[in-house]
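Here come two complexes built around subunit A, the first alongside subunit B, the second alongside subunit C.
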Partner chain A sequence: MSQMSYFKKKGDPYIFAAGMGLIISLGMVAWILIVILAKGLGFFWPRDLVEVTLDDGKKYLGEMWEKRDDYDRHETQLKNGNRDLYGIDFVWMDDANIVSSEYPEGAFTFERMEYGNFYGYIVAVNVENQAVTAVDGDIVSKAYDAFELAHQTHDEVVETQQEITDLTEPLTRLQREISLLEIDRADRTEEGRALLERYRKEANEMEQAIAEEYLALNSELEKLVIKDRSIFLSVRTTDGRNKDLQLSHVVRFFAPNQMGIFEKSWHYMGKLWEFVADDPREANTEGGVFPAIFGTVMMVILMSIAVVPFGVMAAIYLNEYAKQGVVTRFIRLSVNNLAGVPSIVFGVFGLGFFIYFVGGSIDQLLFSDKLPEPTLGTGGILWASLTLALLTLPVVVVATEEGLLAVPRANKEGALALGATRWQMIRKVVLPNAMPGILTGLILAISRGAGEVAPLMITGVVKLAPTLALDATFPFLHLDRKFMHLGFHIYDVGFQSPNVEAAKPMVYSTALLLILIVILLNIVAIYVRNNLRKRYKSSTF
Partner chain B sequence: MMNYQEEVDMVSQTDKQEQTHLDDVLAKERIVIETDDLDFYYNPEVKALKNINIRIPDKKVTAFIGPSGCGKSTLLRCFNRMNDLIPGAYLEGKVMIEDADIYSEKIRLEELRKRVGMVFQKSNPFPMSIWENVAFGPRVNGIQGKSDLDEIVEFALKQGDLWREVKDRLDSSALDLSGGQQQRLCIARTLANKPEIILMDEPASALDPISTGKIEETINELKKDYTIVIVTHNMQQAARISDYTAFMMLGEMVEMDTTKRIFTNPSVQMTEDYITGRFG
Partner chain C sequence: MFSIINKRILAVLVAVMFLVQTGVSQVEVDSRIPKYEKTSGISGNANSIGSDTMNNLMTLWLEGFRKYYPLVNIQIEGKGSSTAPPALIEGTAQFGPMSREMKSKEIDAFEKKYGFKPTAIRTSLDALAIFAHKDNPLNCLTMEQADAIFSKTRKRGYEKDIVTWGDAGLDGEWANQPIRTFGRNSASGTYGFFKGKVLKKGDYKNEVKEQPGSASVVQGITEDKFAIGYSGIGYITSGVKVLELAAKAGADCYGGSYENVVSKKYPLARYLNLNIVNSPTKPLDPLVKEFLKYVLSYEGQEIVAKDGYLPLPYDVVMEELEKLN
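Moving on, here comes the complex of A and B:
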């Protein structure tokens, strides 16, 4: 036998090719994870502020962002913020033109509710028409005091506004009732006229009853708003422009060049917490993604609640009750192929069937008084979850069937021989035994469902949902509401945002978070499955 | 095997007039199970039982012996309709238990299987606690009270001769028991249903001699209260524990008689050949 043919027979080239394939795919996965990790986690680190002077005399203050080499040109990107003054918050400059770059101690970063970061120097602190400048001593701690006061005042403003809404709420509702009756021309009938009359009288009484309190609250609100506006910092940019920053619109401010590593870490943790626990700001490019996390997790849970019982029941019927033959084989094949249908097709089906047909019909029957404004006949978390449940159904059915097949025949016969009915056998012996298989199905469904975006875009996901689907107002669970989702958030922030450059880090952080959530959900399911496996390890002797 | 086929056919044609000894003995017994020209088909081509007429007496141990593949298990599983689970299988003729045709429409399957318990060759405890295993039958048959169940579990485990060994760990998993204990648990599980008849398909064939001895002891105890039908490959076992023995061959019942007579003075030559180990 020649050397070559022996080599071929052993199959070494194929083993080598298979190994290479594995290494390449694993390498790519690792690379993508590392990029996401580095970029996603690095975003929250407070960067030093550099003041750059160019040879034409221009000065910039900002964060060093990126470098780019083009043959002999070396360029640096600086985030110089101050969008309200400069228009854009990034500049590219040629390294050859840079005369000097310094890290001034007194440079501050201001994170604002609007217009992104502001970089500059504090000139004066203004609190209710009293200005304090650097001449009067420690201006920075004064600024922080003012900051506290501003946010306190702002909270009071919000509180007072809420009080006013609560106070006028019954009256507003009554007035809406009256105008509805008027539109319906209720005064054409005797009883309609009587009703209208009564409502009007009630409204009048109510108005008089609350009038005094309403006026008091209003004047208090006015005072608070004026106070709120009167607390601001006078700041100066590095090129000498002045600007007043109302402190209640500043989220936080700090001087990164003065901060030590410990302070920076503390700041970093705070930012990280803000990211997972707060609402988004600035068209989603700043602040947190809490509503998106909430929406994603809730949608996955709702999907699981819907898909597991259905998938398990379908698999049980196919396996334990249906007569095995051509029909069951065909059904199995169809279910398997369903897994290959593009997800957008499921989205279209969800839109047509769940939203327009089911939701529309429910609206006709139960919420006809609100029409033409739809209640359930529009996208919402319920319909999106059901659409995803449909999408992941094949996975659950297939995994459950495998679990059912793995149940020892001897155990099934044992149960029947003890006088159990088929259903009792399934419930008490087959299902507990098949539980690991069912959970495998759930794990696969979660992984697939949590990352799916396309079908959600037409069944209820939005870029900014004003309310969560679960809150303290009756009936607590609002399945008709639209929701936010991390996957869609990535798409929206990264590709639909007006300020793509500023949004880029957010894309990485959100992707990282989505991956973490999928991993976390999986770990929980795997943990449960392993516990069950231990309990139901098949009998051995 | 062809020559045996002819012999078997010959015997089953003649035994109708000849088996007077068995008739005499059985006349004193109460008959619990009786078949009437039973034929069993796994599918139209595979006829596993041919023209079986057998009478099984009350509160006695009846053993089925015969070479592998002769249909012992098939016949046993006709008595609690376990064969119903096999798609395409059907039978002709009648199986009567307490004079009622168990294949008639009126019979409730679960009720029948509660009355006719079964112990399998390979022990098959459920992956649950010992207590739950034994309580399984009573529970599915409608007994729910914890104290009632406790009482039944204790009674069944005592009768199955397992109580002493497991009474302190009723809540531990049944899968942690030894092979022999698992099989006795399966017997106890069957007893918990308070059956009239217990079918055992080679209950000790997978066990070591000591465990086998324990199971045989248990069976000896049980025959006071239950009618037992047991399939075994072990001639000594059949001789030790059974009162009656039926010898089967190629799906037919060659001979049935008291165990003593089968082992000392069988009326068919083939039976003697089998028992003395000349074939099979």
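Moving on, here comes the complex of A and C:
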């Protein structure tokens, strides 16, 4: 009994409880990370193709995906792809019905631009009306040659199309102007009629001027397209159905059962790169997430640009200029409470204030010719960033104040005693010393802001933004554009995509990427902070 | 007058170019539906705000449309069908995709603003499916039973509340298992359509788990052997099965195949609409018009089939094209 109370006095049970608490929370974080890492990174690994024969004679070829045990039943899920033929990408089978499973050497995985993966065997390679079948020797290397040729041809097609687009762009834009005038019934006024007449004449002249070049390009394009379509593989599925795969629509193809570990690793790196650097395909369920990465990072940067000056100014005034009393205490309390407001409330505020009020007013003042089509009066990356800046403002204010308080009083008074004005003292003594605190605030703001999705959903995030907010057309930075975001991408792909089974691994990969980006942004900020710390440590006294 | 160019070559060529390779996909698009023909002078920006069911469709259509007109930018937001009418009224969107008909209240508000009614273009067919876990031995439900499973008001008049799988006619290990129900959140058109069509505007049970997306309904059922739920038939996966439906007790059961939907034997079919502002006194914006023409073309309808929805029959396409002129 007395021993027990001694333990209690010493605090051992509490230390034990605290330790357990730490272990549990660390364990949960580690568990989440491991799940995301395993599922997110495993997705890109080329899996072997298994050919399963069931006792009713049905044959399936595909990737082993998942196993499930339900009492005495064991089931296997196979991804057998070929969505255009079978309708669904996956099939469940009872292990008891499986007669044999083999790993055929000649089975190929074809990653396609449309309809997901195709699994099957190559029967013949067709290049411009010449077919090569397996009888004629090494069909696989022929297939790879044809693949190269197809993609070369396809690139030329895209190039020619681009040339045509560039050639016709001024004309297209002018014709757009004309049709907009027609919609507005501009011909009802004398002025409008004259303008229309002039535009039409201009358009006619433009058309005459480019006609020759246009026709030449077009006939070139026609040839290329026919060539592109004539390069295809004849393939056969494991249940004996034939299909022609146009090779320019195949992203890559490979025989995983023949690949060694190095080949697979190489392939893996390629897939990883595609994921990070490419545009999404098939309504975001395949391909890469580059626009979403770009949108996330850009939004965080814009947010930081907005939040840091305001937060720092507010903190400096509160700490250095304002008379400490009930009012400042009340303001501090409010700021702290602001940090606890649910993010969706900020979203609604952003929608009402920034988009409808500020954006709507700007539209009426500056872009009234485009109304009712809004320019800034609709969600966009600027408004989303500002909303998030509001959301993270308390974090920055609090952290900056901590930093300001940490500046030794002696330094400040020393500066004042030497005749510096208050502002000089703040600029030369306080701010440099408080810099690490300010950057800590920024780091916290970035962590919070990058992971926030709810307020973005009503202030400018979209499923697919056709253009980035930063590009080569004037004025380069398009703050009014809507954007894609990794967090929203996760929500959208996970909850909204048809064929959710095939899209699920994308969710894990995207989540992993989001975490990595937040970590990366933080590391950069921490690195900068540490450098600053070192600099000011040596320079003070 | 936009002329030499498109008339001579473009039309033919482009039709050849983007013909999707026709495989033996699930549902064949009627080959009589006209192919899309490119015109010139289409560029500009537009917004689409509305149904989340049609989000993927809109995205895929846009991907296809931009192959013809790279200078077109359309931004797509899909937060639910109810967000479409306000966006059209405010003028923030030119396209209002909706997975249900507009309610009379919404039409009134529209008319008050513009002085004419909104134009709804039918773009595709969607069958709503009642999904069960793939191991569920049940094959067919009557509409009365479905009502009794999902609704607490039972407006279709089934004699008793269906709470367990035994109530729905299963025996063995299933008999005593409670039915766990999944559905959509109330902003979605799917929610409203199911409520109107199956529940006869009755109320859902409180136990129905409302999901933020159609895919998560299917996911929920995949993970829970004793679950049932409704969502678009295009969201089917290997983990669930579509229950056949009978219009009333004793009637034949029909699955959600294309023939059954078109012949209206399957009771839960609906049109997916694109609503636009089409003033009787002004010509329609060519950008909007061409996009709709693309949607109603053979190519556009193939995209519908690819995304798991059902393409329109030939005569409906012709009717809708008529509306655009």
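Some notes on this structure:
The rule is simple: the second predicted complex is superposed on the first by the 513 of 541 C-alpha atoms of A that agree within 3 Å, B and C clash if a C-alpha of one lies under 4 Å from a C-alpha of the other, contacts with A are read in each partner's own complex, and residues count from 1 in each chain.
Here, a residue touches a chain if its C-beta (ideal position, glycine included) is under 8 Å from a C-beta of that chain, and two chains touch if they have at least 3 such contacts.
On a predicted model such as this, the values are computed, not experimentally measured, just so you know.
Overlaying the two complexes via subunit A leaves subunit B and subunit C side by side, clear of any clash. Contacts of A:Leu221 after superposition: subunit C is touched, whereas subunit B is not reached. Of the two partner chains placed by superposition, A:Gln152 touches none, neither subunit B nor subunit C.
Between subunit B and subunit C, more residues of subunit A are touched by C. The vertex angle at subunit A, taken between the C-alpha centres of subunit B and subunit C once both structures are aligned on chain A, is 140 degrees to the nearest 10. Shared-chain residue A:Thr328: touches no atom of subunit B or subunit C. Touch criterion not met for A:Thr133: it reaches neither subunit B nor subunit C.
Applying the stated contact rule after C-alpha superposition, one finds that A:Ile183 touches subunit C and leaves subunit B untouched. Contacts of A:Thr168 after superposition on the shared chain: subunit C is touched, whereas subunit B is not.
Closest C-alpha contact of subunit B with subunit C, superposed model: 52 Å.
In the three-chain superposition model, subunit A touches subunit B and subunit C at no common residue. By the touch criterion stated above, subunit B contacts subunit A in their complex at residues 80, 82, 85, 87, 110-111, 113-114, 117-118, 120, 122-128, 136-137, 140-141, 173-175, 178-179, 182, 186, 189-190, 193, 206.
Those residues of subunit A that touch subunit B in the complex are listed here as 323-324, 408, 410-411, 413-421, 424, 428-429, 432-433, 535-541.
Those residues of subunit A that touch subunit C in the shared complex are 70, 77, 84-85, 87-92, 114-115, 161-162, 165, 168-169, 171-176, 178-180, 182-185, 200, 203-204, 207, 211, 214-215, 218-219, 221-222, 225-226, 241, 243-246, 249, 282-284, 371-374, 377-379, 457, 462-467, 482, 491-492, 494-501, 503.
By the touch criterion given at the top, residues 1-5, 8-10, 13, 16-17, 20-21, 23-26, 40-45, 47, 52, 55-56, 59-60, 62-63, 66, 70-71, 73-79, 90-92, 94, 134-135, 211-216, 218-219, 225, 232, 234-239, 281-287, 306-308 of subunit C touch subunit A in their complex.
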